[in-house]
Structure formats: C-alpha cells, structure tokens
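Notes for the one structure printed next.
Chain IDs A, B, C and D follow the sequence of writing; residue 1 opens each chain.
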Amino acid sequence: MAEFEPKIIAFVCNWCTYTGADLTGTSRIKHATNVRIIRLPCTGRIDFMLLMKAFARGADGVIVSGCHPNDCHYTSGNFHARRRWILFRSLLNFMGVDARRIIFSWVSAAEGAKWAEVVNTAVKEIRALGPYDEYKNLAPIRASWRTEHAG
Amino acid sequence: MSRIGVFVCHCGENISATVDCAGVAEAMSRVPGVVHSVDYKYMCSDPGQTMIKDAIKEKKLDGVVVSACSPHMHEPTFRRACAEAGLNPYLCEMANIREHCSWVHEKSEATTLKAIDLVHKMVEKVKKNQPLYSIKVPVTKTALVLGGGIAGIQAALDIANAGHKVVMVERSPSIGGHMSQLSETFPTLDCSQCILTPRMVEVAQHPNITLYTYSELESMDGFIGNFKVRIRKKARCVDEKLCTGCGLCTTKCPTKKIPSEFNEGLGMRSAIYVPFPQAVPNKPVIDKTQCTFFLKGKCKVCEKVCPTKAIRYDQEDEIIEVDIGAIVLATGFNVLGAEHFPEYGYGRYRDVIQGLQFERIASASGPTSGAIRRPSDGTEPETIVFIACAGSRDEAKGIPYCSKICCMYTAKHAMLYKHKVHHGKAYVFYMDIRAGGKMYEEFVRRAIEEDDVKYIRGRVSRIYEEDGKLIVKGADTLLGHQAIEIRADMVVLASAAVANDGAEELAQKLHVSYDPYHFFAEAHPKLRPVETNTAGIFLAGACQAPRDIPETVSQASGAASKVAALFSQSELTREPVIAVVNRIAPPLYSTCTGCALCVPACPYQAIEMEEIKNRDGVVVKRAAKINPGLCQGCGTCVALCRVKAIDLQGFSNEQVFAELMAL
Amino acid sequence: MIKIAYYPGCSLLGTAREYDESLRAIVKKMGIELVDVPDWNCCGASSAHSLDHDLSVALPGRILMQAESLGLEDLVVPCAACYSRLMMARHELMEDAALKARVCEMTGMEFRGTVRPINIIEFLQKYSDTFTDKITAPFDKDVACYYGCLLVRPPKVTNFDRPEDPRSMDEIMSLLGSKPVEWDFKVECCGAAHSITRAGLVGKLSSKIIGNAVHRGAQAIIVACPLCHSNLDMRRNFINKAAGRKYDIPVLYITEAVGLAMGIGEKELGLHRHTVKVRYPEKVKVEAEPRPKAAAATKPTPAAQTEQTEEA
Amino acid sequence: MQDKIIQKAKELLSGGAVQVVIGYGQGTGDRVRAIFIQKPEDAGRLIMDGRCVQNLAGYLMKHEVRALGRAAIVARMPVLRSIAQLMYEEQFKDSDVAVIGISDANELVDLPDLNALKEYVRANPLKLTPEEQAEVDRLDAMTREERWAFWMEETSKCIKCYACRASCPMCYCARCTVEVNQPQWISVPSHDLGNLEWHIMRAMHLAGRCVNCGECTRACPVGIPLRLLNQRIIADIADNFGEEEDYALAAFKPDDKEDFIR
C-alpha cells in the first residue's frame, strides 16, 4: 500500500513565517509537498476555531507559526497568540484530542532553512502518527473539490 | 454567481519546470464560478497584465486570482492592473505557486496537485472578497533622521533641501560619526575633515533641520505619516544658548586622564569636553561618570572660568515630543572589540591596534597630530604589519560575512604610513583583495607598485612580543608555502565591521526586523534596499550592512528621495486592511456585546467604546469602535472577539474560512 | 568514595608511565577511586583516522561502549590525543545515525552515549575541593602552562576553555600556590608525531616554545599531554641544538605538580623518569615590560600562606 | 440567616432603593426556585438554606428583569464573583445593582456598592476546591485515548438544547457564535463532531471569565460534567499566568512560559 501521505494545513503570519517560506523558495530548499500554507496578517489573527475546523476538514496535522517573541511586526500579536495556544492546547489535550498533531513554531523572515526543517519534521511526525481517523470519523467529511474533479 | 478569472503564470520556467501550468489552468476552468482560466509565460510582463485587463473587461470579471510568485513580490503590480481595468484592486488575490511550490518541490504529480490546491483555495477566498477603498490618512511632513554620521547628514540635507522639516537625533555630543575620525579617505586620499565639516555646518545652519545631539530615541508610536516620537535630550550640563564654544572650561578642567572615545582610547580628554575641534555643535558636554563634582560634590572649576556662566550642573534630561511622518535609520556601525583577538594579543600589547585607532594616529587632529608613532613608547615604527580579515569571514568568530571596506582602508593605511615614513616597511596579510569600486583596484595597485607595500597572501596565526618587537607568525601561501615570521614594531588589525550596540533595542522600539548580526533588515535585498518592512521607516548607510562612504551617501540620498516621495502628497493612501466592528439595523445596532475585552488587546490602542444613540438621542448601547487611522490590521481583536462582531477587511472570517474549506 | 571511570591509553603505560603513576598517587589522597575501563583497546590515535574513517570511530566507540557498562557518567582521559579521539567519536556517533549503526554492527555492542569523556583539567576543576585543602607544600614557582593543540581544539567538539587563549590550567596552578606567567605559546604546535620521523622539526618548533617560556621568566613548564611532555622533555637535545643554547627548564605533568603541592614524594610521582632533571632555575626578574591594564590577571590564590607577589 | 435576608429585603423595597429583590423561594415539591419580590410584604417568601445554590446573577442580564427597575440580589460567593466579572465586562453601571452578600461562613456581608463587592471578591481569588482539583487530576492521569473515550461518551449524550448557555450568567451575547452560519463555525447537528466543536468553543469562550459556579452542569438535562472543562482552564490560567486581574487572553507577559513552541 503506498506510504500514508498526511494532509497538513499551516496557518502562518505574513511578516515572518510566510516571508521565511518565501526565502525557503528563493534558496531552493526542497521539502515535503504535504503542507498547504494559509496566510494571515499575524498569529494574533489565528482563531482557535480555525485549528478546530482544519481537523474537521480532514487535516491529519496543523502547523501554526509566526514571528519570534519581540519580533512581531504588530508588537504583541504573537504574545496574545502564545497565551491562546497555551490554553487551547491544554483544553484539547484534556478532551483527548491529539495535541501532538498541532505543531507550533517561531520562524523568522531570515529562517528559510528552519521552515523547511519544520515542514519536514512535521510531515515525518504526522506520518508516524498515521491518519487522524479518530477525528475524521466524527462526522461524514465532504471530499475536497480537487480530489473529486482534478484527481 | 461569481465571475472569476484565473491566470496561471509560468514565470519563464521557474514554475512550469515542476508544475503543469496548463493542467492547473484547465482544472481551475472547471471550478464553479470561474469563467476564465488561462496560463501564460510571464503574467507580470506588460502583455501578461494586458491579458488580465482585457479579460476583466470582456468577461466582466468580479474576481481575479493570479497564481504566480509571492504576493510580497507582485501583489501591488496585479492589483494596480486590475484597478486600471476598472476592477476593485482588493478583488484580486495571488496564489503563491512559485516560492511555496514549484521552487521547493521536485517535478511530480503531487506538486501540480498542491499547486491546484493553492490556486483553488484562493479562488474560494476571492468569492468572499469585498471591494475595499484605500484609507486616506494625513501626512506630517517632518522627517526624523536617527544618527548624525555621513548617512544621516546626507539624508537630512536632501530632505531639507526638498523643502521639508527634518529632526536629526545623534547619540554622541557631536554629529560626524565614524567619518569624522578618519584621516584621509580612499580612493582619492582627500582629507575626510575637509569634505565632511562643511556638510556638518550646513546641517547645523539649515533652517529646515532641528538638531538634537547627545540625545536618543525614547519611544515611537503611531504609523506611517503619523508617528508620535519622544526624544530623550540627555543633560549636557551646559546651556547651549549662552555657551560661545570658547573651550576655556575644557582646558581648565582638572580631570584630564579620561581615554577619549573619539580617539579610540589613544588620546585623553577632560571631564567637560568637546569630542574634536570641528565638532558641530561646538558646545562641551560634562561626562557625569568622570566629573569630580558629580562624583565627590566639589571642584566646579568649569563654572568659575566660564565667561558666559553657561554651566548648569542641575540640568535635567528633557523629553521632546515630535510628530513625524517618516523615519530614516542611519545609526551606522562599530568595529569588533579587543576581547575577540587573544591570539593577536590585541588589548595585551599596546602596539597591536585596530583600524580606527590607526586612523586617529594618522589624523592631523589626532593624539600624535598625524605623525605615525607607536602607542606604547611613542617611537616611529620601522615595520608595520597590517592584517586584513581580522574577525571577518571567520565562522569561529561568528562573523561569516565580508566587511567590505577593510581591503581598501588597509591599502590606504599602508600608503599613508609609507608617505610619512619613507624607509618604513609595510606588510599586508590578506586572503583576497576586494576592491570593486570605481578607481579602487588602481588605488590598491598604486599601494603595491609605487609605495612598495609588501602584500602577503596568507593568514596570521599568532602575534607575540619578544624584546620589544612584535613577532608576527603567519604563512605565505603563494611563495612556496613556508611559514614566515616578521619582527614588527606595530600591527594594525582591519577588524570586522559589526552592528552598533543598542541596534537590537532600537529595532524593537521601531518594530523593524533585523538579521542575526543585528544589522537592520531591508524590505527586499535587490528591489527595496532603502526601505524596511515597516511602512514609513527607511534605511541609510552601514546600519544595514558594512558599506563604504560612496555607497552610504548614495543610499542616504535614496532614502531621502523615498521620504520626499512620501511627503509629496498631502495625504497618504493606506491599505484598507483594517478591522471593523459591525453595525447592523436597530434594535441590536451591533452584535458587539460591549464587553470591551478587546480594548486592552490592541497594540495600537485603536479600539474605543462608542455610545450608540437611537433617533431620540437616548444611549441605547455601548459598542466597540475601531479608529481606522490607528488600526494596522493585525487581527488580534478579530480572533479574540468571541461574538465575531469584529472582522478584518481583506482577511475576514468568511474569506479565511472559505480558503480553509477549499483544502 | 567518589568513583570515576578511567581510560589510561597506551602512552600512560608506556613512555608516559609517570603521568599514570602521579595520577594514581594524587587520586588516592583526593579520596577518589579510578575504575579502569574493562578490556580497553587503543584509541586509534593519529594512524587510524588517516586510514579509515569508520575504524577511527569504531575504536574509540568501543572504549565508550565498554565504559558505559561501568554505569559511571564521567570518564577521565589524561592523554590529550585519546581525549580528542573519544570526543570526536562520541560527537560523530551522536550526529550520524548511519555511522552509529555501522559501528554498533562492527563492534556488536549498543552505543547509548551516556558516558562523557573529560580531560585531566576538567577532572581537576571538578574535584578541586578534594585537593585544595590538602596542600601542604605550595608549588610556589613561576610556571608556563602549555595546553598543546588537542585539549582545546576543535572548539565545536571539545568546547573546553577559550581555544586561542585558555585559562583553566593557569587557574588550577594558581590554586596550588604557583604564579602562571603570561606567555604566548600556550596552544602552539610542538611538532607532535613528527618526533619520530623528523625530530629536527620538533626541535625547531619546541625550541620556540621553550624559548618563549624562559624569556617570560618561567621556572617550569606544566603540560597535560604525554606527547607534549615527550617533545618538550625527551627531545631536549634537539631543542638545544635548534636554539643554539642549553635550556634546563624542567617539564612537569599537572598531576605531578598537584602531587608535589600535596607533599607526595618525587619518586612516587615518577619525577626520576624525566629526561631533564627536575631542578628549578632561579626566578628571573622579567624586565618591566609595560603591562596594559586590560591583561587578564590571575585569580588571587586562596591559600593564605603564600603572599601574592605584586605584579610590575 | 433567612430572616436577616427578609429584613434587608423589606428595608430595600420599602425605602424605594430597589424595585425588585431577586432571591430563592419555595418551588414545587421540595425544590427551590428563583423568586422576584417587588412588594415589601412579599419578602416573607424568601428562604435561605443548603438547597439555595442556583446562580441568580444570570437574571440580572435578562432585559425583562431589567425592565422592572433597579434590582437587589441575594448573593453567595459564586454570584458575587459573577457580578464582579460582569462589571469587568462593563455590563453594569454602579447604580444598576444592590447586593445582599452572604459569605461562605453564612454571614451577612455588608457590600454598600459594587466597588466594595469588587474588593471583597479580589480578597478571595477563585481557586478550585481540593475535590474539584482531584477530579480534574483524575482525568489528567488517564491516557489520551481514555480521555477521548470519556469525552466522546459524555458529549454523545448532548442534544444541543443549549440549556448550559441559557443558565450561564456569562453567556449574555445577543447573537452567540454557534448561531453564526456565515461562516458555519460550529456544525449544527448534534452528531459527535457538532457536539465536540460546540463544547470546545463554549469552554474557550468562557476562558478567564467562568467563575466555576457549576450552573451549567446543574442545568444540563443529560448530566454532562461540563464544569470540568472550565475548571481545567481555570487551573491552567492560575498555573501559567498567575493571579492576574485582567482578562487572561487580552493581556500577556513577554516571558510567558511554554515548552511546546519549536
């Protein structure tokens, strides 16, 4: 059976990690294709419900990444995000949701190599954890348009 | 039903090398709501943009997705093209299938499928986009220049000559920066004081420029065009209006044994001092950490001798608030300190000095008034060894980069030494000579051929002192690979150029990003070298990377032109990516519950509570309201608001949700 | 009773027997028990890693794995060359999983990386309290501490002290009551293995080292590596020939200096095995060389009974 | 104790200080329910005993009760905490509410105005009782799979009647996000996904606001121990952010500790 290819959705901040991912591109650092990046102005903008809905959408793993503390373009967006993540991760863990599947990181605009490494490690870890069927079986999930129409 | 156009770019073959662009375009044509889906070799080219404009007009598109490079690259380009075709620019989104897809994956079906996902999710997002209109914001036509070196001086003069007000803040008692410490400058050997001092005087006398020396940036708030800046003017203990600059106090001051920072510790200065003769402003400063009055409470000699009674011991630091429209960062660089070279004995042997110290020795206004003398015993050195790349290009010292200016000033130093001590022997240990500027290579050749400077290609491993001579152990990798030893009288290290101390704190105060070496980060290394990622803050000179004077001056003028462009319009159009608290029909007026939990979360204090009145003027409800002038669109309040009463234009809940659900 | 794993290495049972004897003498007084690594083998020294990379990691790897069976965390390795090979092997085994698999398969043992090799200076630093209060005859000589090349390099792997201007041995010697001199050849090469093939080269290089130490007024040179000792002591004839003068400055192991300071007899410390007789030349008054303020002064010696000679 | 309350109620009503007193009254059978006394002579109907635990603060937010004019409320500790939190969220002006405070030691507490109430609540910060902490720890001790099974079992009982929302004084939002369908944040049906998402959102939206009064658990017709979720967050806030006055998610410390961000 072909090796399990995890579906991973990444919520990243525009000023640091998205630009860092751009640098990964300009430096041509190859990495796994499993991650789809969603750009938001700041980690402060990442609502906990987005992470929850990502799993509802059939994601096997979620990456959340933004500016290092003190480097936020908006001064404190990442500090608020960090507090939110501390509480949300603990709640999910308390309810038995597999918090290991949400990977949090700080990646600056100068860390192209680190972004590639975060992606590769995430894919390796999520592949080891296998598909998140436990969550997918909670309710019937409509297949994405692309899987039905564009193979 | 949406009428969306998808334009897939090949980017030459940067994308099409690993992504089947035609396949992506074909797949997108089958997405409900997409009425036009094509691929083309260069979407950002003129024909490419014309394709988009024509498609908008012919097919009456109400949404455009350009799948090509990063939005950081060409989002403005395509949004402008859409605006020209009559489509609201904020109905145009970019899918990054180059940096985030084609460049980082091998050619495979998975890569194309990922590209399809990336484009499809932007199509779903565009369906939820709303037309947005730029926010007009007034611009304060005053620029703040941080740093009084040649970069700050050039930028300030250019902006002032463009007719705008400038506030210059310099940390040390006088402007001039490192250039004022130099003796002559390459490649023409003209004396740095002669070309710099007139500019310094021009700054001091320019009607448009307000100069604050011995001052630092205390804090900065606001945003492009509307910065609120607080400057801390440190107490000089001298009343600048009364002081005539006669210098009597500096000569009469009893404490004279303080190593002068301007002379890099070689010369001495008094407790009340003017850094150098041509200082601008030529007003002394009391060094409170050394002045006996401040240490022991007695002396006051300077007050007694001062003819105009200008001494103010009780002068307090002053905080000055200024409204600023644009900021130019010109805080310059520093040289690597002594503690990094134990193998060269720097700091242990007084005759092992660094480049700036040699500049002071060679300078007419220096401690030896231009005569080349050894700091240890004041004798004239017969042999000087210059060591290039001292700390630069050295991973072990944590400085892998090349400091760019050392090859040139080392050749200059050797030349100055030979001009003053004809019989002297000058050796230069180098790895590679980097003389890429105009007339640079000829300058170095002249040092080698006419002034007989012996260039040895090799590294110096150790320097030790024996019978008063400095034994320089090195290797000559060109002539027979032998180890060589030179008995030198003086050694000059061309030490690495590093960021100024305090650069990191300044960057964090201004929310400007910086690289691992604490040099400030430019918006784009090639296309936007004088701008930072923070709108309204520009860069000039060596605070961004080691740089010589010609480049610094041209970059300063570049930054000045950016400021002049910003100040050319009376008001500024700002991206409408801001948060808005919803307002709906009565009786609810807004879903906001008035809990005000978002108010403290806003880093820009942009949220206040508004009293909503009904038609009879009775206050019906208190709901949050966001000041479009202050909001920067970070979205923290949007994610915080449990009732989803706040939404972020450009990244609204519906847009991000649609983007997520398309995956 | 503190227990420490001990790897003597071939030279400490051969040409550098006095290094082993002096170490065993001082640990007895320090109340530490040395537990030899069972069935230890040669660390490969310079020959292995010039021939076959896997072999050069497997040999020291096997020593580490044998030491792991003792269940002790620190492994004292007096010889700088063995220390360097063991550190390099541990570093590479931790970094390169494929290499680790090959080495484990080659040796038929499992590498867990629980043992950390420490050199003689780290050992003395860690257990300094066990000998500082037993100093009966302070070693009040002006000494030049010679670190050689392998103790401090490569910095990424050993990360021990400052690679260009180390201080740690100087600090231990000042604990013994001696005054380490400021000299410049702390980490310069003594010629190392060329001692066999091109002894003349060793003479030339080592004569510079000895010359600088004497020039700086040292009465003895302290070393922490059998190869440094053999080049500076056993090759003294080549050194004198290269320098064109006779140097009679003695060369001691740091363990010998510690032993002397604790009042242990010269015979028990193996001083009689040295080529250059251990007699200390007169304290030479170093001409008033202008000492800049920034010079790193040595720490004031804790032992009260030796007065601190005021520096020029 | 009961008669002191009746006496205070009479004073307030007859003095015209308040138009209604919200307290506990005899319900059908031996049950207790909230009663709204508007005339001094009806004050006798007020009772106070071990069964009076319902969090009456919720009624203060209903516009029908507000329409009756200025209210006084019989308030044990949880009710006092709810009022303090609602004040923090600017739902009351100082003049809106009078309080008949009852301390844990069953003593009448004189709280003339809402600032005094705030001080009183600040004096004894919210902490889980040892039993509550033990229950939370019992769940923590389980493996992830066991906890998942536990909560799947519990939330599968949920019929999305939203009684927990109706009973909670903190859930006063005019349009709750669970009703938002553009975008549809929370899956509507009460299948496993819908229930899980609803309970995650409810717990997160009460983070730093819930006063652990237990009303939601009491209100739940199918007996889901919802209180545990809020208690987990209360414990997390105390452990990670310490005793902070302001709303946990709108404030931050530059050196908040965490060990999971790479």
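Assume a contact is a pair of C-beta atoms (placed from the backbone, for glycine too) under 8 Å apart; a residue touches a chain by one contact, two chains touch by 3 or more.
Just so you know, these numbers come straight off a predicted model, no measurement behind them.
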item: Mutual neighbours - chains that touch subunit C and subunit D alike; value: B
item: Most distant chain from subunit D by Cα centroid; value: C
item: By mean Cα position, the chain sitting nearest the middle; value: B
item: Mean-CA-position distance for subunit D and subunit A (Å); value: 35
item: Rounded Å distance, subunit A centre to subunit C centre (Cα mean); value: 51
item: Approximate Å spacing (C-alpha centroids) for the pair subunit B, subunit C; value: 48
item: Subunit D, residues touching no fewer than two other chains; value: 185, 204, 249-251
item: Overlap residues in subunit A, where contacts from two or more other chains coincide; value: 48, 53, 70, 76, 80, 84
item: Residue list for subunit B, restricted to those that touch at least two other chains; value: 601, 640, 653, 657, 661
item: Touch relationships between chains, expressed as pairs; value: A-B, A-D, B-C, B-D
item: Of all residues in subunit D, those that touch subunit B in their complex; value: 89-91, 172-177, 180, 182-183, 185, 204-205, 246-247, 249-251
item: Complex contacts: residues of subunit A adjacent to subunit B; value: 5, 7, 9, 15-16, 18-19, 21-22, 24-26, 28-31, 33, 36-42, 44-48, 50, 53-54, 57, 59, 70-77, 80-81, 84, 108-110, 116, 144-146, 149-151
item: Of subunit C, residues touching subunit B in the complex; value: 155, 162-165, 182-185, 188, 212, 215, 289-290, 292, 294-295
item: Residue numbers on subunit B that touch subunit A, as the complex places them; value: 27, 30-31, 70-72, 96, 98-101, 103-106, 108, 110-111, 113-114, 116-118, 120-121, 508, 511, 513, 515-516, 521, 533-534, 577, 601, 603-604, 632-636, 638-640, 648, 651, 653, 656-657, 659-663
item: Residues of subunit B touching subunit C in the complex; value: 338, 341-343, 345, 347-350, 376-377, 396, 462-466
